[in-house]
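A quick write-up on the structure given underneath.
Think of it as A, B, C and D in the order they're written, each chain with its own count starting at 1.
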Amino acid sequence: MTAPNLDVFERRESAVRSYIRSFPEIFTTAKGHLIHGESGRAYIDFFAGAGALNYGHNDDAMKAALMEYVAGDGIAHALDMGTGAKARFLERFHEVILSPRGLEHKVLFPGPTGTNAVEAALKLARKVTGREKIVSFTNAFHGMTLGSLAVTGNGFKRGGAGLPLDNTVFMPFADFLDEGFDSLSYLERMLEDGGSGMDLPAGVIVETVQGEGGINAASFGWLKRLNDLCARWNLPLIVDDIQAGCGRTGPFFSFEPAGIKPDIICLSKSISGYGLPMALVLVRPDMDLFGPGEHNGTFRGNSMAFVTATEALRFWTDDSLTRDVERRGQIIEDALTAMAEKHPELQPDVRGRGLMRGIGLGVAGAAEAVCAEAFKGGVIMETSGPDSEVAKLLPPLTIPDEALREGLDVMARAVDTVAARIASEKPAAA
Amino acid sequence: MTAPNLDVFERRESAVRSYIRSFPEIFTTAKGHLIHGESGRAYIDFFAGAGALNYGHNDDAMKAALMEYVAGDGIAHALDMGTGAKARFLERFHEVILSPRGLEHKVLFPGPTGTNAVEAALKLARKVTGREKIVSFTNAFHGMTLGSLAVTGNGFKRGGAGLPLDNTVFMPFADFLDEGFDSLSYLERMLEDGGSGMDLPAGVIVETVQGEGGINAASFGWLKRLNDLCARWNLPLIVDDIQAGCGRTGPFFSFEPAGIKPDIICLSKSISGYGLPMALVLVRPDMDLFGPGEHNGTFRGNSMAFVTATEALRFWTDDSLTRDVERRGQIIEDALTAMAEKHPELQPDVRGRGLMRGIGLGVAGAAEAVCAEAFKGGVIMETSGPDSEVAKLLPPLTIPDEALREGLDVMARAVDTVAARIASEKPAAA
Amino acid sequence: MTAPNLDVFERRESAVRSYIRSFPEIFTTAKGHLIHGESGRAYIDFFAGAGALNYGHNDDAMKAALMEYVAGDGIAHALDMGTGAKARFLERFHEVILSPRGLEHKVLFPGPTGTNAVEAALKLARKVTGREKIVSFTNAFHGMTLGSLAVTGNGFKRGGAGLPLDNTVFMPFADFLDEGFDSLSYLERMLEDGGSGMDLPAGVIVETVQGEGGINAASFGWLKRLNDLCARWNLPLIVDDIQAGCGRTGPFFSFEPAGIKPDIICLSKSISGYGLPMALVLVRPDMDLFGPGEHNGTFRGNSMAFVTATEALRFWTDDSLTRDVERRGQIIEDALTAMAEKHPELQPDVRGRGLMRGIGLGVAGAAEAVCAEAFKGGVIMETSGPDSEVAKLLPPLTIPDEALREGLDVMARAVDTVAARIASEKPAAA
Amino acid sequence: MTAPNLDVFERRESAVRSYIRSFPEIFTTAKGHLIHGESGRAYIDFFAGAGALNYGHNDDAMKAALMEYVAGDGIAHALDMGTGAKARFLERFHEVILSPRGLEHKVLFPGPTGTNAVEAALKLARKVTGREKIVSFTNAFHGMTLGSLAVTGNGFKRGGAGLPLDNTVFMPFADFLDEGFDSLSYLERMLEDGGSGMDLPAGVIVETVQGEGGINAASFGWLKRLNDLCARWNLPLIVDDIQAGCGRTGPFFSFEPAGIKPDIICLSKSISGYGLPMALVLVRPDMDLFGPGEHNGTFRGNSMAFVTATEALRFWTDDSLTRDVERRGQIIEDALTAMAEKHPELQPDVRGRGLMRGIGLGVAGAAEAVCAEAFKGGVIMETSGPDSEVAKLLPPLTIPDEALREGLDVMARAVDTVAARIASEKPAAA
């Protein structure tokens, strides 16, 4: 195996590129849970397009539907005109997803990226309420455009705005603070007190499990209480289910076990199933108050994505995938727990839910080192958290158990290697 | 032909949908300059995906490349990892587009929508300069996310923000004001005067021809002077070439005849060639100052779009398409001029450049009526301008001259019909 | 005694007027702790110009100095030109106040109101750090102009801005939350976590005892920890000592017992001693970075105020006034405690420090009723707190003990009356 | 005469001090148009406290009223309680000023500085309209607190904010641009065009003659057209008459000859007559929508200022002062015109109205040099304009004609001196 030639990227692409630095390879083809490099090597994918490939790469049924559509000169790009591809998606999405869950939300198609969905949701909440401030949570990640970035916690990314980011109030997420501090009581206290400086907000935006923020899972009880608080204060509750939704944590919507029906729901990433750009905002009918074209976007009618998305819904006609996710999630949890128990010196902290998992490593740089070692061992995985302190696992939901275990073994060895290196670097006397 | 059943859209889709209201049809397939409805009817496309389909629908060569890529399980979604598809695009784009034009700009892949490109450009200009205000122009359109919306002129769309939109200074576009007023002298006067209230800006963003804003074309002289003014004041010049670029006005970049090299260039819409979501920001190397991941987006590595985009570059290996655009543009101009001369009572105003054309109609509602009539006659075209007062023509650049003339005939009859209706509605005494 | 004729105010003055509604009288003359109404009635002043009259009304020595200055045609208004009156104040202020406390702060004269001082302080902190956000605290009150209002907690007053108020992060003040929650640990946690959404601030502004916010006194330990936290993070600490300073809580600066030296200190209210408009910002020399005239104001050279302010400094040549304040503060505390013990049904809560005292009454409307009754009994006192739930006592620091006790007796009877009325209003069964 | 000892200011006062740098003297007493320095020297005052001393220094009748009030222990500081001093002012102000001019405006007492009045006016306009943006004009000056600074044009002063200043749209003032450009047509065009990016504003704020901005006088025709435009668009018109009002340009309100009745009027500076801090906002009754205390300020009841302000109204019981101002204004204009004609090489430009006059000198530094020379000659005068390019004359309205001429002679010699120096500095060949 020779080193891949990344020269063209260095010469031509902006310095903003990032994952290519973690995974120095030129990838060519992919199938299921495997990605193939130009070098011929196959990698187990524990990253899944940052959650955009929940059903693995190039699922055969979706591929067939896509090929058929393209071959038949199906209209590829249609703005928000009526198309057969979109009609079929709308019908099927209602039938398989919304209706069984008692949701009558309207489907808004923003531009086909997550941040577009979040921007539309925030604009709508502000328009509906006539208020400005949005409550967001520590370590939230909602996107890179100005509106979404303002509700994103990461300081490095916020710094890219070049502007003061405003109209957001950050509250401590579920377990951000130590036990004994109840973040929702604090939020409610701030709302109740007429002198708290917290202007009545236009809404609350939350991820049920924070992916970029460090795989922090809010309990269902906390989510239910947040939902009830929002209802009490008439604050639209926006669940950004872009990463945690589409089955990533088990059920289609990550919030289902909390027994709540958020006012506004953002979906993207895995909604198209095949990695094609697509995004949705689901809106409670009485909040569907944009006028025609008041929010739009050139690529909001990406027909190929509608075709694969419709096909992807086959996974949700029964609960088998949910049960798979739960089982595989347990496999990961067991493996991570074993790593943690073996290496307490790394200050490990096992986190997550379903197939959205991670292990925090308190030793600076350790999580990044583990991911780098794992890549050498043929596993693609990334860090998350404000200091890249969490080694994150987002395998395809459909990964065979055996491959999952194989990848976890690679990871376990990576942890061993990193632990040994760290131990050897310490001065003897310490 | 029976009326299409649009019921599912009414029941399930958000009220924000708009084009489906203008074009009540369910579209299924498309090829070249034609779109086919469920009813079996074929429509001449004078809209081209709002400029995203410059090469027409489902170009055979791009289709073949796409089919081959999908069939071979090419990696579909790759974030900003290195892929063969992206490497090929970068090489080819440099070879065909950048290098011959003496541009050494770095290629930044934002999320695959125009507004994502604009947001990245604005953030970068602010980061590079350490300043905040952006100069934009009356009737500019740059996108619907918060940063882009702030530099967009349209009041209805701005109202959707639910927030005061700030850090923008609007200046009169090229011919916004009457003759005798030089908008660039005014801008420079505001910059020069230390008491003008205009804080030194972080940059200037401009479209060479405003599409959504009413098909307003700035002269190349004006653009050159704007460029020189920016250079004099060290203001990064951002050209949003999302709609006017990719050959829409003739040359690949719409600003080429002005002899300028903007600091930052935004491309999207037709860059993928096939209507697939894709966007680029081209950045002067010394301004390529984002750190790794400081701006990102899940779908910034949409491989299928890279595949078709690479194929689409075949149109730019010589100047034949540019000459086609010029010739076809003249055909439109002649036809529109004839309509104008025939119907002075509609207060007509022929506008545009290349295949980005329009006719302003001063009588309220006339342009909308013309588009509605044209649709009945089998032509898809839309209005633009703040009061939807311009009937806009954005046919595929590749439309055969005959089809173009056929569509223009339909349009001419539509204008006649509307003119007759308006005349008949007037009281006899008036 | 006939009712005063307030007709001219109703006809001519804006509806924004407020205290005249609480104290329906036309006041004419005043001396020491007494104010005389047109009706001939004398009122004991427990309000002291909202803290602007710490030395009582029309102190004889200040009056003599003022009369002499006016009689001699001393220059009345001098912007920031050099004047004898200002030179004398600067020398004396350094000698009596700054030097003995080891403060080498520069004296900045903003416009002569508290909010002007706060605005100058905030601008300076932002200029010095190049950052934007200011940390303020729940129930803070810093003024009504836009910059000061943004760091003020009161929702009613914030609503008057007609704009989203931004660039402020509100943190829970000392004891805002229940025991067990340490507000400074929370603040530090937010600063430490790179994903908390808290951009590194430009400074922290705090009152040691919140006057308008409900007579909430931070402990000296809390203030010391806040000071140390600011030092650790290089955040300029601004103490707004406008109400709590000038001896109101005992020492000249309210923060002295905490053993801290804030970077920026705002003074106003009682600094002129005679109720004349005057304000100061004291600035650590290395932060004195405004250029000449970068902040200014027409009335920043109010010479008459400098004359009385210089004379007022006689109170600070020894610690006798501080000891008086402590003794009188204890008299109030004892009296309030007695009222509280007598009327637990009013849910009383005794608060404050020095001669900045109050009793919170948990029964809605009770505090306002007590003040209204007290006024009938010849005592002027007001409420504070977000729901006007605190009956506040701010007598002149120089009030004779006997008069203080007389006023407290009036107040005690007012509390009895209100308690009886509330009891009688309750349904028998309750 | 020995040089004054300014040491205490250098050691103790902030570097923000400015006028003391132009006028290195320690001033002690003043009377009428004369100010006396510690050195014994008397200076002719062509500055009049930046317009706060329209009736000269220490007017005998006001002084007597003030002395009597202080001697009688009149209440000095009363917040917005009812006082005899305030009642008398309100009655007399209505009788002498408002009623004869057909104004039924309510009188709002903000904190006693100009910027406080402007902040109150802006908040009110936003509250009344529910909108955010304010139209202000190039070279406007409205104050240094955050709200006022946002509508102030001067870049140096704006830079002191340390924040992006927003929610303001700057339009070219009356003659800011060359002939042939009509700034109000431009404003109306921006309002009319739904795509101009100009959100419907909350109001317009304007000075009739810009003082700090360079003595730029709008014509009455322009003001009338601005007024009518505001009426047409339902935009509250705020006239900041803080410097140009109180007779500075002739009539009490500077806008009277334009035949308009602004919705909101800000007064300060000379309203107290004696240089004491005082400010008013006059509000059209139907816009008087603040709730009690929604805007307030500790020193809004500065009784001594009410006493002198009431006495100062004696100047307005007939039109004699207005005629004096007109006559004296002509004397200045004639003198400035003579200087201009004598020194065309200084690129002179005579400006202003009434006793608000100036001469712009196009040669860099010339205006500052003229003021410095004038000071040496015993005249106090300052520059204005964004580049300090205007030598400004704001003598007391009551200055005897002879003294005025004497001062103008000093100034004329100063101009000669500066012109000679500049000529001598030029290289012979130039």
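Quick notes on this one:
Everything below uses one rule, namely that contacts are C-beta pairs under 8 Å (C-beta built on N, C-alpha and C of every residue); 3 or more make two chains touch, one makes a residue touch a chain.
Computed from a predicted model, the values in this text were never measured in an experiment.
The interface with the greater count of contacting C-beta pairs, when B-C is set against A-C, is A-C. Chain centre most remote from that of subunit D: A (centre = mean of CA atoms).
Subunit A and subunit B have Cα centroids separated by 31 Å. Computed from the mean C-alpha positions, the centre of subunit B lies at a distance of 58 Å from the centre of subunit C.
If you average the CA atoms of subunit A and of subunit C, the two centres end up 49 Å from each other. Shared interface positions of subunit C, defined as residues touching 2 or more other chains, are 132, 156, 163-164, 167. Taken in their complex, subunit C has these residues touching subunit D: 4, 6, 8-9, 12-21, 23-31, 35, 38, 49-53, 57-58, 63, 66-67, 70-84, 86-87, 90-91, 93-94, 106-116, 119-120, 122-127, 130, 132, 143-148, 150, 156-157, 159-163, 167, 202, 242, 268-269, 274-277, 281, 283, 288-299, 302, 304. Put simply, subunit D touches subunit A in their complex at residues 163-164. Against subunit C, the residues of subunit A that register as touching in their complex are 132-133, 136-140, 151-156, 158, 164-170, 172, 176-177, 180-181, 186, 189-190, 193-200, 213-214, 385-387.
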